[in-house]
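Listed after this line are the structures, all set down as structure tokens.
The same chain A turns up in both complexes below, where it pairs with chain B and then with chain C.
Showing the complex of A and B:
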């Protein structure tokens, strides 16, 4: 479904990606691990069109997207839940969800989707008219994921959804993501610090270091891998 | 005995007081409109548009020429608003966008440059012949009685027009999808992009709306001050004061600030103790009040405290 082929990208003179190739098959969960500054966020930014790669190509459903605008990419069915949530803090929970549905025009469908997401995240219904900035960290992350789902994506990009959350809250979010993947068939490409959770959730994983993929394998194989265990799983 | 009031005290002449308040609200709503235009642009692009008044001036002069050419008044008003809108959009696209991601001072220089440029153009085109030029109002200058006071129909017209503009902006921003996208862009352009909002278009639209609102203010002021290249200068100053006073990022603040400045200006002009200050001290006194308030509330009445800007 998503094919990233040999992409390179820079921030000004600093090159952040040196030829990264990744594939995310339809219906799967693929995770991206790596130390701080490895280029994980940069890869997601290239996929969602926030950053133009200087070389390589990105394909979605066989169509090239690396020259398209973010708006066009969202309309094609890719939704990016960014690092640090990036909610509209001063706007209400409901307005944040409506912004998630910005590319859609089917009022009834949007209403139905909000209802459906309230099933996953009951807290959002309760907090509907509250400014997003007043929610707790865990609630904000739930809102970020819900907002990301409002565009009815077929591919969901998640950048460290468990960052700064208590283990219980983070487990709850992963439970919902699994449900979203299994029941709604939404493909997930997940960047995560918490490698244990990520590998138990994902089918396949990539490890990037300084802008390059250094290992790729099924989650089960990665869990066994000596280096991965030492560096990311801590045993 | 020291003459405390320049004019009869409010309790001796409530009619005069009422007149001053109402005409203050009328000029105040013009300041409010220009302040709103400044706030619209500041919120969405972080730019202080020093050329806001001159953009309105250019539009008003163009309207004067169209009127002279014999176009009917309402057509000209419509064209004027459209022209203000187009000018705002054009300025954003051509000269603001290239400096958008440059240091803030560059943008300041650009809008100051635009100020000088527009002023020169207007002088070049319209300053031959007689200045100032008379600019008529569709409302007329008839005096009418409203309960306590006598005010001109133009003042009432200003109040009504300003109210309509504010209502339209309110509905646009709070009850349409476009408004939602514009507010989101003002808060967090990066995240808005991820929602599929066309951020560039929203920024352009913000400038366009500001241009249109400024144009409306221009055509409301011109009948009072008459038309000359610098006729929006004083208005711009008051509007800046009003915008900062209300909180540079708050549209309701701009409105409250504008009305406050308009009324305060009138009351200071009418009632300052004659033996101490003359009426010409009304501007400094008004600004003094603003400065004092800002000392205690640096972010302005309704502004939010700037903790971080994403």
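Showing the complex of A and C:
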């Protein structure tokens, strides 16, 4: 579904990616692991069009997207839930969800989707008219994911959904994400620091270090890999 | 005065103000009492126009506090709208002519403030140069309405006044669009300075091309007479007043519609986080340019009305100070709030006109200070508002009606203690600053002979 081939990208003079190749098959959950500053977030930014790669190509459903605008990419069915949630704090929960549906015009469909998402995220219905900034961390992350789903994506890019959350809360988020992946058939491409949760959730994983993919394997294999275990799983 | 009291009672009973339903009858009564005392003090300051206006608003809040539990809200809102419409339609007969003129100007500045608030309040792009768009709109109208054949290449037939309002809107929309593109590369103070350059340079350009603009003398236009059906009923000034207020109301409704829709949400989203907005599939550049275009269009409409109202337009009609004051107005009124824009419009006109009178009524207030430094009042109000009401008057109003009466009373009671604490802190800060300062010869630092690095 998503093919990233040899992309390179830089922030000004600093090169962040040195030829990264990744593939995300339809319906799967793929995770990116790696230390801070490895370029995980940069990869997501390139996929969603927030950053132009200087070389390489990104394909979605066989169509090249690395020269397209973020707007066009969202319309094609890729939704990016950015790092640190990036909610619109002063706006209500409902307004945040409506912004997630910005690219759509079907009013009834939007209404139906909000209703359906309330099934996954019941807390959001309760908090509907509250400003997003007043929610707890876990609720905010739920809202960020729900907002990302409002554009009806087929591929969801998640940047560290467990960031700053208590283990129990992040487990709940992953439970919901698995449900979304299975029931809605949405492919998930996930960046995560919490390797234990990520590997138990994902089918396949890539380990990125200093802008390069150093290991790739199925989650089960990664869990057994000596280096991955020592560096990321801590046992 | 009696007219105002009568209206005040009507408005008071009818406004759709929704107080927090929490709070006991006693708490409400106490709060109403406090406000009523405030009202009394205000009225004692003199029967000036602004004191009456404030009095009416305070009376409205008091009456709402006392009656809210007994009158259903939908009746209040319906009655409030009815009262507002009746008042604005009846104003030509209720108010003296110079008040009508003042209100016409309020309506015009409200239109500018609404437009500027869309750009600055909702979209976060600061413009100090909206005066330039007002001037462009005003000149567009004046040139098109000109029938004295002083202009070489523009059709000598005067356009009907209302078509020039639309033309001014279009011309300014295009100008705003054109400025919105380079503005994409600027933000914050840089954008403010760039827009300032616009309003500084425009008047001299207008003077230079005097074949088209009439140079420093400006252009005179024939003010539109009342439409045939109303000719017997209305004088010209009354008709102009209704025109300005009518257009202002229409522009408010349009803004309200835009702001509660997807584009309005996109404005705020782009202001709060461009990255997150882009991730939502919002075309950030397009949204920012749209804000500039709409905002300039509003200023253009206002400029056109200004030409009709004044009958003359010169390069100095909207100067640098006025242009900067537009921003002041929405900051005082309340950023990102339509109510704030309306309050801002009133502030722009009434503060300089009525401020000295009000202060002059305060016993022992030095009169000659007011006569010699009228701008100081405005400065004081600005400082007062940004210190005490960070979200403007509208923001404080929303907070007031959103807070249960019990909490407001508690907050009022804690004011003296809070002031004492702040004073003590300030005194400590001053003492510390003095001890560390190079002027303090007995400071421990200089005594130890420590030299700062060169």
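Everything that follows uses one rule, which is that the second predicted complex is superposed on the first by the 235 of 235 C-alpha atoms of A that agree within 3 Å, B and C clash if a C-alpha of one lies under 4 Å from a C-alpha of the other, contacts with A are read in each partner's own complex, and residues count from 1 in each chain.
Heads up, the rule we're going with is that a contact is a pair of C-beta atoms (placed from the backbone, for glycine too) under 8 Å apart; a residue touches a chain by one contact, two chains touch by 3 or more.
Keep in mind it's a predicted model, so treat the numbers as computed, not measured.
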Superposition on chain A - do chain B and chain C clash or fit: clash
Quick check for you: in the superposed arrangement, does A:118 touch first (chain B), second (chain C), both or neither? neither
Regarding the shared-chain residue A:48, is it in contact with chain B (first), chain C (second), both, or neither? both
Applying the touch criterion given at the start, work out whether A:10 contacts chain B, chain C, both or neither, answering first, second, both or neither. neither
Among 20-28, 56-64, 218-226 or 416-424, which stretch of chain C shows C-alpha clashes with chain B in the combined arrangement? 218-226
On chain A, the footprints of chain B and chain C overlap at residues 48, 50, 69-71, 74-75, 79-80, 82, 86-91, 95, 98-100, 102-103, 147, 151
Using the touch definition up top, name the residues of chain B that touch chain A in the complex. 177, 180-181, 183-184, 187-188, 190-198, 304, 310
Contacts from chain A onto chain C in the complex sit at residues 48-50, 69-71, 73-75, 79-82, 86-91, 95, 98-100, 102-103, 147, 151
Which part of chain C faces chain A closely enough to touch in the complex? 262, 265-266, 268-269, 272-273, 275-283
Within the complex, which stretch of chain A touches chain B? 48, 50, 69-71, 74-75, 79-80, 82, 86-91, 95, 98-100, 102-103, 147, 151
